[in-house]
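Look at the two complexes coming up: subunit A is in both, with subunit B in one and subunit C in the other.
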Partner chain A sequence: MTPAIEIRNLSKRFHVKQGLFGKPREVRAVDGIDLALPEGATLGIVGESGCGKSTLAKLILGLLAPSEGEVRVAGQSLMALGRRERAKLIQPVFQDPFSSLNPRRRVLDVVAMPLVAQGGLSSAEIRAQSLAMLERVGISAEMAGRYPAQLSGGQRQRVAIARALVLRPRILLCDEPTSALDVSVQAQILNLLAELRRDLGITTLFISHNLAVVEHVADEVAVMYLGRFVERAPAAELFAAPRHPYTRALLASVLTPEPGLGVPDVGLGDTMPDPSNVPTGCRFHPRCPVAIPRCSTEAPPLVGGAECHLLAP
Partner chain B sequence: MKKAGLYLGIAILGLITLAAIFAPLLTSHDPYAQNLDIRLSVPFWMEGANPDHLLGTDQLGRDYLARLLYGARVSLIIGVLTVIVSGVIGITMGILGGFFGGRVDDVVLFLITTRLAIPVVLVALAVVGLLGSSAVLVVLVLGLLLWDRFAVVARSTTMQVRGLDYVSAAWAAGCSTPRILISEVLPNILSHLAVVATLEMALAILLEAALSFLGLGVPPPLPSWGLMIAEGRDFMFFSAWVIWIPGIALFVLVLAINLLGDGLRDLVGDSR
Partner chain C sequence: MSLLEIRDLHVRFGATAAVRGADIVVERGETHCIVGESGCGKSVTSLAVMGLLAKGAQRRAGRMAFDGIDLQPMSERQLSRLRGDRMAMIFQEPMTSLNPAYTVGSQMAEVRTRHKGGSRRAALERAEELLAKVGITAPGLRLGQFPHQLSGGLRQRVMIAMALMNDPELLIADEPTTALDVTIQAQILRLLAQLQSELGLGLMLITHDLGVVARVATRVSVMYAGQVVESAPTAELFANPQHPYTRGLLDCLPVPGKLPPGSQLGTIPGMVPKLTEDFRGCGFRSRCGFAQPACENEIPLTGDNHLCRCVLAQ
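Now for the complex of A and B:
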């Protein structure tokens, strides 16, 4: 069976100029990502800020052209498709519902936009389909005539979800869809997404830095570090028994509600990862608490979904 | 009280516009009808005024109030048309440069810089002097010269809007680039462009008056405030009002437009 979405060796390098005479530096934002996801599955992608999550999202959507590799949805290469065909296969939900809705358009027009862009439907049909999708996400017909500024953050995100689903895409790419919302609203939006996924059978990529959210929504989790997946495993397995040292550090860094404990020390040191200067060997070795000499010279082997020397037999 | 300037500007501009539109109802005099018997008759508040001519008459005996009212039409029409011509040119260039960046933006920036290096009044004088004066030519020359501010503002605001998620969402939703430019970008930079439009309109009206004063704007006998000042120049020592009545009209109109522009700018700033 062809996977719903397949990513092969996807890479993106940026060239950043340094001053007037400086040599341009190469930033490896996304560095050789492979991925295959079956129909209806949900993959959570986690990682710290600056690890390339958002660049990966833009690459998958086709907003950025990859330096290498390709994205295939239902067996078709997204790069080869026109904008309208691509829109029917994959749709995004962005992080900030305050900047993802055009402030000059009414809610109904925002949701109708993908249908209008596709063409071929009468305005009555477009209106009916848009209203149906809005109702499905919990936005009443009465609210459809309002402008985004008149809605709350949670309602705006519902509108953004309706816009993403109105074309019935195969893949839904959620880029931190709840991190701009209040905690009480986050749960509502997550439940709505889970319900729609189940009903419509949509394959979902869920990018987040919030581990609790990912644990809640994802079947499978990929941990990203410096532009690469360092570990991939089923969600239950990954949270119960993380294999890669970075995943362990990430799970250990979760703040507890217990007062007085302070910020946990995860033993990663103070150095920040720098995508313009990716370490040789294992990219995590300068921060790894259990690194051995081999880590700085050899690329790590892939063992049971994790790229780490220590896991090698 | 913050919006007092805005309301005052709208009120004055509205009054002048209404006066220009309904000029035939406000005065029974023909602005072109000469009557050499009553040349330079004084306005109503001076000794020996002709009760038939409220603001007196000019050196050819034409009713000054009628010429002032019909002259408002010339100023407003030239101002609005110039803004339309320059707005279309400048906004198109600015949006294209700001949205696409790269080479397109290099070309747009080069054109803006080139335009800024050209002295407007000098070129306008040269062109009108070469091709003869007409209202259409004044509009075209000013329109083709005054687009730079539109382009600069449209370009920078488009750059801000381009990176926002709703533009990415429109892209991902399959919208064509022209649709993104027209229905996603343009409506969101329009408020900034409205401010530029008022500034440019005031500038165009002043330039038209200046060109007319120099004899290179609209041709006589069309009533233009600039032309009225030019024609009254020879009589200003003994009949100063011939100059200062159209002068004040011009001042008030430009002031009103600028008040409106300042008010709009504050309003746009508030909504951010």
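Now for the complex of A and C:
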């Protein structure tokens, strides 16, 4: 069976100017990512700011052209598809429901827009389908006549989800969909997404920095560091037995609501990852608490889903 | 005598009540966390203490005292002598709270010389010492750098060091790690906890993150719709939450290992009410499963050590 989404050796480099006369520097935002995701699966992608997760999202959505490699959705190369075709296959939900909805359009029109753009439907059909999808995400017909500014953050995110799903895409890409929301609202949105995934069988990519959320929603997790997946494993396995030192540090930094445990020492030091200056060898070695001399010179081998010298036999 | 004592604080912006009954006591050497969702009044409470409310805000309180000194009748001038000296504050966004046009060293030195006098050189030495204390490598070099040359984690460390320039007794931190990555958050919180016990500070930490609260707080106050609805020692609050809002909030959290992945999270239906000036009673009643007619009356915060503002607890 063809995977719902397949990524081969995907890379994206940017050239950033340094000052007025400086030589442009190369930023390797995404650096050789491979991925195949079966139909209906949910992949969580975690990583800290600057790790390239949002660039990866844009590449997967076809909003950026890759420097190398390709993204294939349902067996077709994304770059070979037109915008309309792409929109029918893959749709995003972004972090900020305040800036991702047009403030001058009513909710119903926001959700109807993808259907209008695709063409071929009568306005009555468009209206009916849009209202049905809004109802599906918990927005009443009465609220559909309002403007985004008249809705709460959670309601706006529901509208963004309805807009993403109205074309019945194969893949839903959620980039930090609950980061801007309060916890009580976050729970509602996560429950809604879980329900929709189950009912519609959509393949989901869920990008987040919140590991507790990712553990809750994902079947499989990829940990991203400076443009690469340093570890990939089924969610239960990754959270129970993380292999890569970076994954271990990330998990150790999650502050679960358990009083008395204090704040753990994650042991990462204070060197910050810099995508314009990716270290040689293993890209994590300057911060790694267990690095050995080999780590700074040789690229780490891939062992059991994790790229690390220490895991090599 | 408590380090900070706030009784029955009310803040209004025009016809909107932002805080309508905050009671918070911070003791020396303790970390008191104020937790709540956006708009609950937690930041406004801290700004009211520091006298940093926007123009047009109306503040009244039963009592508001720092180390026994009544803060209410103080003039702006008197307050500014206290601020940055005996009581200091750290904000969420270090980029906007550092001046981009001055070096780290000159901003830090000014805090010292302005309150304590002395030479600029002595102040810079002190700054270097504190930068090292908050875990910054090559502190001498950092003094000459501008804020934009530092990463987010470093900037937040600079903010903390700057807040410590005059050995404050009370440190108010408003979401100090919210803009940071999780690994950096853990480092900064560890640092704060360490400094707090070393220097015997009273720390008032404002956050929306119950994970942070559980790990660093001595005592927790939960705010909802402008009121403190529950306040208890940390372990007690998590083990035995009393207020329906606190219970609902704890149920919303995905907790690794506690809840099977994919299962339904608890939710709190409904929305926060609009807090007009004539709003009375419990702000949570429209979302509460236990609401009753008595909830429309003013409800006092009752209890000894574990305080709760709910008709069920009366």
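Heads up, the rule we're going with is that the second predicted complex is superposed on the first by the 305 of 313 C-alpha atoms of A that agree within 3 Å, B and C clash if a C-alpha of one lies under 4 Å from a C-alpha of the other, contacts with A are read in each partner's own complex, and residues count from 1 in each chain.
Heads up, the rule we're going with is that a contact is a pair of C-beta atoms (placed from the backbone, for glycine too) under 8 Å apart; a residue touches a chain by one contact, two chains touch by 3 or more.
Note that the structure is predicted; figures quoted are calculated from it, not measured.
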| item | value |
| --- | --- |
| Partner chain in contact with A:163 - subunit B first, subunit C second, else both or neither | first |
| Touched partner set for A:100, first subunit B, second subunit C, both or neither | first |
| Partner contacting more residues of subunit A (subunit B vs subunit C) | C |
| Partner chain(s) touched by A:92 [first = subunit B, second = subunit C, both, neither] | first |
| Which superposed partner A:84 touches (first subunit B, second subunit C, both, neither) | first |
| Partner chain in contact with A:212 - subunit B first, subunit C second, else both or neither | second |
| Partner chain(s) touched by A:24 [first = subunit B, second = subunit C, both, neither] | neither |
| Partner chain(s) touched by A:152 [first = subunit B, second = subunit C, both, neither] | second |
| Subunit B partner contacts - residues on subunit A that touch it in the complex | 58, 61-63, 83-88, 90-92, 94-96, 99-105, 113-114, 117-118, 160, 163, 167 |
| Touch list for subunit A against partner subunit C, complex | 48-49, 152, 182-184, 186-188, 190-191, 194, 209, 211-213, 215-218, 235-236, 239, 249-250, 252-266, 268, 270, 272 |
| Touch list for subunit B against partner subunit A, complex | 164-166, 168-176, 179, 183-184, 187-188 |
| In the complex, subunit C residues that touch subunit A | 37-38, 135-137, 151-154, 181-187, 189-190, 193, 208-217, 234-235, 238-239, 248-257, 259, 261-262, 264-268, 271 |
